[in-house]
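The structures considered in this document are given below.
Both complexes below contain subunit A, partnered by subunit B and then by subunit C.
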Partner chain A sequence: MVEEEGFRRYVAHIILWIGIAIVAFPVYIAIIASTQDNALIANGQMSLLPGGHFFEVYYQTIFVGTSGSTREPVGNMMLNSLVMALAIAIGKIAISIISAYAIVYFRFPFRMPIFWIIFITLMLPVEVRIYPTYKIVADLHMLDSYAGLSLPLIASATATLLFRQFFMTVPDELLEASRIDGAGPVRFFWDTLLPLSRTNMAALFVILFILGWNQYLWPLLITTRDDMQTIQVGIRKMITTTDALTEWPIVMATAVLAMLPPVFVVVVMQKLFVRGLVETEK
Partner chain B sequence: MQKQAIFQTKVLPYALVAPQLAIVLIFFYWPALQAVIQSFLLQDAFGLSTTFVWFENYLELFRDPAYFAAIVRTFFFSFAIAVSSLSFALLLAVMADKPLRGSMLYRTLLIWPYAVAPPVVGVLWIFMLHPSLGVLSRYLRAIGVDWNPLLDGDQAAALIILAAAWKQISYNFLFFLAGLQAIPKSVLEAAAIDGARPMRRFWTVTFPLLSPTIFFLLVVNIVYAFFDTFGIIDTMTRGGPGTSTVTLVYKVYSDGLLGGNLGSSAAQSVILMVMVIVLTGIQFRFVERKVTY
Partner chain C sequence: MANVTLRNVRKTYPGGFEAIKGVDVDVGDGQFCVLVGPSGCGKSTLLRMVAGLETVTGGEIDIGGRVVNQVEPADRDIAMVFQNYALYPHMSVYNNMAYGLRNRGMAEAEIKTRVEEAARVLELTSMLERKPRQLSGGQRQRVAMGRAIVRQPKVFLFDEPLSNLDAKLRIAMRVEIRKLQRRLNTTSIYVTHDQLEAMTLADILVVMNGGQVEQVGNPLAIYEKPATTFVASFIGAPPMNLMSIHQDEIKSQLGDGRASEAGILGIRPEDFVITDQTPAGGIALPLTVEAIERVGAETFIYGARAHDEQRIAANPGELPPGEIIVRIPGTEAPAIGEKIRVAAVRAKLHLFSGDGRTRVEA
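Take a look at the complex of A and B:
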C-alpha cells in the first residue's frame, strides 16, 4: 500500500467537496428559484435561500403550466416523456434481443449481410439525418404520435451488439442440455437465455431510459401539438425571447421535474447504471 | 462469431430479425439514402423541378464563409469542452481514487449530472449567468466584467463551453476512476520504493498507463460536443448573438427550419455523417487495441 500522508488526504477531501459544490451549484440555484416569487427573480433580487412558494409553484407547474408561453401542464409533458422513454428502452431491448438471438443461434442465408446492415447503424446518430427522417415520419402520418417519437430512435445497433456479445459467452452445454430435455428454439430462448440475460437487460434499460427521457432535437421537430410535447421541449418553449415574460420559478420547477426521474435512476440503480454505461461504450 | 450448437429451423430466424430490420431500413437507411441523393440535386424555388448538379451543393457550402466558420467553431468548441472537462474530471478522479473515507459517497455525488438533459443544462446555466437576473452575473459585474452573453458573441461561446463541460464532468470522472482503479497498485508501490514523490508518480506512472482511457474519452467528448450540445445551445443562445454559437448540427437544424435550400441542408447532413464515421472509425480502431493491450 502506498502511504498517503494526512495532509494530502485532507487536500483530497477538500478538492472533492469543491468538485461536488461546482457540480451541484446550478441545481441548487434551480431548486431555490423554484420556491421564490417571480417578481423578485426578474428584478435580479433572488435570494440564495429557499423561499416560501414551493407548493404554489409546483402545483401550478404540474397541473396548470405557465400562464403565458405554453399553456400545457408539465404533468402531461412528463407523461409524454415517460411514454417515449419507456417505448424507446423496451422497444430497443425487445427487438435487439431477438435479432441477436437469431444471429448467434441460427444459421440461415443472408445472416452476415443482415448482421452488417444492423451493425452499420451504430455509426450515425439521428441528428445527422433529421430532415429526411422527418419526411418519412410525416409520410407515415406519425407526426405528433408516440410511434413517431420513439420508432426512429429505436433504429440503432448498440443493444443488438451487446446481446450478441453476451450470447457468445453463454456455454454451448446449456443449449445441448435443453435440447436433450426436448426444448425447441423458442423454449430455449424463453426458459434459459432470457433469465440469464436479466442483468444485462436491466443495465441496458437504465441507460436507454435516461437517453430516451433526455431526447431533445427529435421531439422538438416532430411534435407540433402542445399536448404531445415532451418535458425537454416544453421547457425550451417556456423561455420567451422577451425576458420579461419568462416565468422563472415555473421554468426552474420544470427543470427540477425534468431532472428528477433520470437522476433518481442513476442514484438508486448506480451499479446497473455504471455497468450499462461501460458496456454500451464498448 | 457463431456457436457450434445451432438450430436448423428455416423460417424462425427471419421472423426474429424482421422487426429490427424493418425499423432500421425504414428509419435509418431510407432517410440516409434520401439525404445522399438530395445532396446532389438542386430544387427550384417552387419545388416543382429538380436538376442533378453533381457536387455543386458541396462546393457551394465550402465557398460559403458562414459554413466554414461553423466548422472552425465546432472544432474549437469540441476542443475547449473536451480539454476543460477532461482535466477537471481527471483531477477529481485522482482524488477519489485515494483510499479515503466515504469514497462511494463522493462517487455518487459526482456522477448524477450525467442524467441531466442538455436543454435543462442550458436552462440552468443561462439562469445563473443571465445578464439581468443571473445570481452569478451580479458578482461578475461587481468585479468589473461587462457581462452580457446575449449580446457578446465571445461571452456566449464561453457560456456554452462552460455549461457543456459541466455536464460532461460526471461521465469523464466515471471512466477515469475506472481507469485508475485498473492500474495495478504494485506498479505504484515500485515507483514509491524507488523514491518517486506523488506528483512524479502521477506523471511518470499513472498518466501514461491512463493514456488509452484519455484517448477514448477524447473521442467520446468530441462526438458529444458535436451532437449533444444542440440542446444546450438551443435553450441558451439559439445560435446567437448573430451566428456566434452556431455549430454544424445547429446549422443543419436552423437552415432546414427556414425551409430554404434542401440540397444544401442534405449536403450538410452528408458531411456530418462522414465526420461521425471517421470519428467512430478512430474509436473502433482504438477499442480493438485496448482489448489486446
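Take a look at the complex of A and C:
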C-alpha cells in the first residue's frame, strides 16, 4: 500500500472519523440510554454521559423483563434467538454441503434438473412463500416450537451453490488418490472434503448466524407464546405500550444485548477464517 | 510381484470417441514399462484404466493372473503417483502415507514401521510432521512416492510424475525412481511424453499414437529399428530426418530394388558425416547450412536440401520438409551459408513404406 503523505492523509482520516461517528453515535446513545432513569428520558432531559442505573437496568432486563408489555425476561428471548440462529446456521451448512457433494461428485438421473430446481429456489425467499410455509408448519403442529422457528429457514440454495463452486475447484486427483487409498464416498467426504471446506464453513457460519439472529417476520408469525419469542420480536413489542410509559432504558438494554452475539461471532470467527485463509493452499 | 497383461483393451467414450483402439501389452514381473507418446495419444487414459479410474469398454486387463476389469481401484493392489502428486493438503506427511494403510485396517504399529522405513529410504524422516504446503516440489514428489511404497503393491503406476519439476531435479528424480524400482523389484507402468525419460527408464517401451500402439519393445531396439515413421521421429532428439524417396537424387543412389518397395527414407542426425565421398550403398546429400547450434559436446547443423518440394505426412516433432539436421561431435562446424555434402552408410539407413506405417528391411 502506498503511504499518503501529510495533508492528504489527515483529510482521509478526518473523513473516516466522521463516518465512524455517524455509524457509532446511535449505538452510543443506546448504551447511554440503557443506564439512565426512565423519567429523565421521557422528559427529554437525557444526558450524553452514562447514568448510574447500569446494573439495576441490566438485571431487570435479563432476568425480569418489562413490567408492562411483554413481561418476559430478555435472557429467555436471547436463548430462543440463539437456539434458532444456531439451528439455522448449522442446519443450512449441513444440508447444503451434503447436497453440493451429491451434485458435484455423483452421476445420477436428473442431476442437472435437480441442481436447477435448487438454484431456482433462490427466487423464493420466505417472504414469498410465507402462506404455504405457515400452513405446513401449522399442520405439523410446529407453531411455538424451535423446530417451527428454524426448519423452514434451513434449506439454502446460496450455501449449496457456494459449496458446489468450492468442490469444483478441488482437484479430481484427490478423489482418485482417495479411491486408490481405499476410501469410499463417505470416507472421502469425511476425511478430505470436510477438512478442506473448513474455511468456507467458517465464513458461511458468520453470515448465516447473523441472518438467523436477525429474523423478524417469520418468528413474529409463528410464535404467539411470550416464552417462545425471539429478541428481535421482543424489542418491537416492548416499544408499543398502550397506556403506560415505554420503558426506554430496558428497550435500549435489550437492543445492546441483541447486538452482542453477532459481534461476538464476527470477532471470534473472523480470526478463525483468516487463519484458515492463510493455511489453506490450493 | 505380478505380471500386467493388457489384451485388446479398448476405451470408447459415451459420445462415440474411441480413445484406446485395442492395445496389447505384456509387462513381465518386476519390469519397468514406459508408455510414451504425444499428448492426446491415450497413454494416460490407458494408465487410468489399469488403475481402475476409467472403465474398460473392451478387452481385458490382467494383474497377477486376475482379470480386474470390474475390480475397484483400492482392491487392485496397485499404487499410483499422480502428476500433481494429489497429496492430502490438510494431512501431515506421515498421515498422507498412513491414510491408505489405515483405511485397510492395518495395525498402527505396522503402519508406523512401514512409514518410517519409506521415509528413511526417501530421506523424508525429518519432515514427517510437516504439511505438504511446507515442502518443495521435489519433496512433495517423494511423499507421493512414499505413499505408493508403503502400500507394498503388486504394481506401481506413474502418471507423468516428473513433469512439474525443474529440469535438474527431474533428472535426479528420474535416476532415483529407477534405482528405487530396481531395489523394490515391483512391476511398474510409467506414463510420460518425454522421450528421454522413456528411453532411460524403460525395460519395455510402448510408443503410442492416436489410441494405438505403434511399437513395443526394448528402448534401444526401438531406437535402432523404429517400426513406423512416427516412432522414428518421436524417439530420438533431435528427430530422425525423413525424406521422400521419389526423387531422382535419392532414388538413383538407393538403387531400384529397395526404392521400389519403400517410399520414405530416414536417417538419424548422428549417422551423418560431413564428407565428399559417397559410401557404397549409402546416401550422400548436398546441403546449404542455414543454422548452427553448439551445445558444447556436440553441434547441430540445420541445412536445407535443394529441390525438395514433396511433403511427407507431418507427424509431431518432425522436421519441415526439405530440412535436414546433422549432429556432429565437438564444436567445429561449417559456416552459415556454406554448401556441404553429408553422407550416411547403408547400415544406418531406415526405409519405410510410402504411408510410413511399415518398415521395409533392406
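Here, the second predicted complex is superposed on the first by the 257 of 282 C-alpha atoms of A that agree within 3 Å, B and C clash if a C-alpha of one lies under 4 Å from a C-alpha of the other, contacts with A are read in each partner's own complex, and residues count from 1 in each chain.
Rule of thumb we're sticking to: a residue touches a chain if its C-beta (ideal position, glycine included) is under 8 Å from a C-beta of that chain, and two chains touch if they have at least 3 such contacts.
Small disclaimer: the values here were computed from a predicted structure and weren't measured.
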TODO: Give one word, clash or fit, describing how subunit B and subunit C relate on subunit A after superposing.
DONE: fit
TODO: For A:D191, decide between first (touching subunit B), second (touching subunit C), both and neither.
DONE: second
- [ ] Give one of first, second, both or neither to describe whether A:L245 is in contact with subunit B, with subunit C, with both, or with none.
- [x] neither
TODO: Could you look at A:A202 and tell me whether it touches subunit B, subunit C, both or neither (first, second, both, neither)?
DONE: neither
Open item on the list: On the A-aligned overlay, A:G19 touches which partner chain: subunit B = first, subunit C = second, or both, or neither?
Closed with: first
Open item on the list: Contact-wise, after the overlay, does A:I180 reach subunit B, subunit C, both or neither (first, second, both, neither)?
Closed with: second
Task: Partner chain in contact with A:L217 - subunit B first, subunit C second, else both or neither - done: first
TODO: Quote the smallest CA-to-CA distance from subunit B to subunit C in the superposed model, rounded to whole Å.
DONE: 7
Open item on the list: Shared contact residues on subunit A, subunit B side and subunit C side combined as an intersection?
Closed with: 176, 179, 281-282
- [ ] Using the touch definition up top, name the residues of subunit A that touch subunit B in the complex.
- [x] 1-2, 4, 8-9, 12-13, 15-16, 19-20, 22-27, 29-30, 33, 41-44, 46, 48, 94-96, 98-99, 101-108, 111, 114, 117-118, 121-125, 127-133, 135-137, 151-152, 154-157, 160, 167-168, 172, 175-176, 179, 184-186, 210, 213-214, 216-217, 220, 232-233, 235-236, 239, 243, 248, 251-252, 255, 258-259, 262-263, 265-267, 270, 273-274, 277-278, 281-282
- [ ] Quick one: which bits of subunit B touch subunit A in the complex? Just the residue numbers, please.
- [x] 1-10, 12-14, 16-17, 19-21, 23-32, 34-35, 38, 88, 91-92, 95-96, 98-100, 106-121, 123-128, 130, 132-135, 137-138, 166, 169-171, 174-175, 178, 185, 188-189, 192, 198, 201, 216, 220, 227, 230-231, 234-235, 249, 252-253, 256, 262, 265-266, 269, 272-273, 276-277, 280, 287
Task: subunit A residues within the subunit C interface of the complex - done: 171, 173-174, 176-177, 179-183, 187, 191-192, 195-196, 280-282
- [ ] Going by the contact rule at the top, pick out the subunit C residues touching subunit A in the complex.
- [x] 51-53, 72-74, 78-80, 82-84, 86-90, 99-100, 103-104, 133, 147
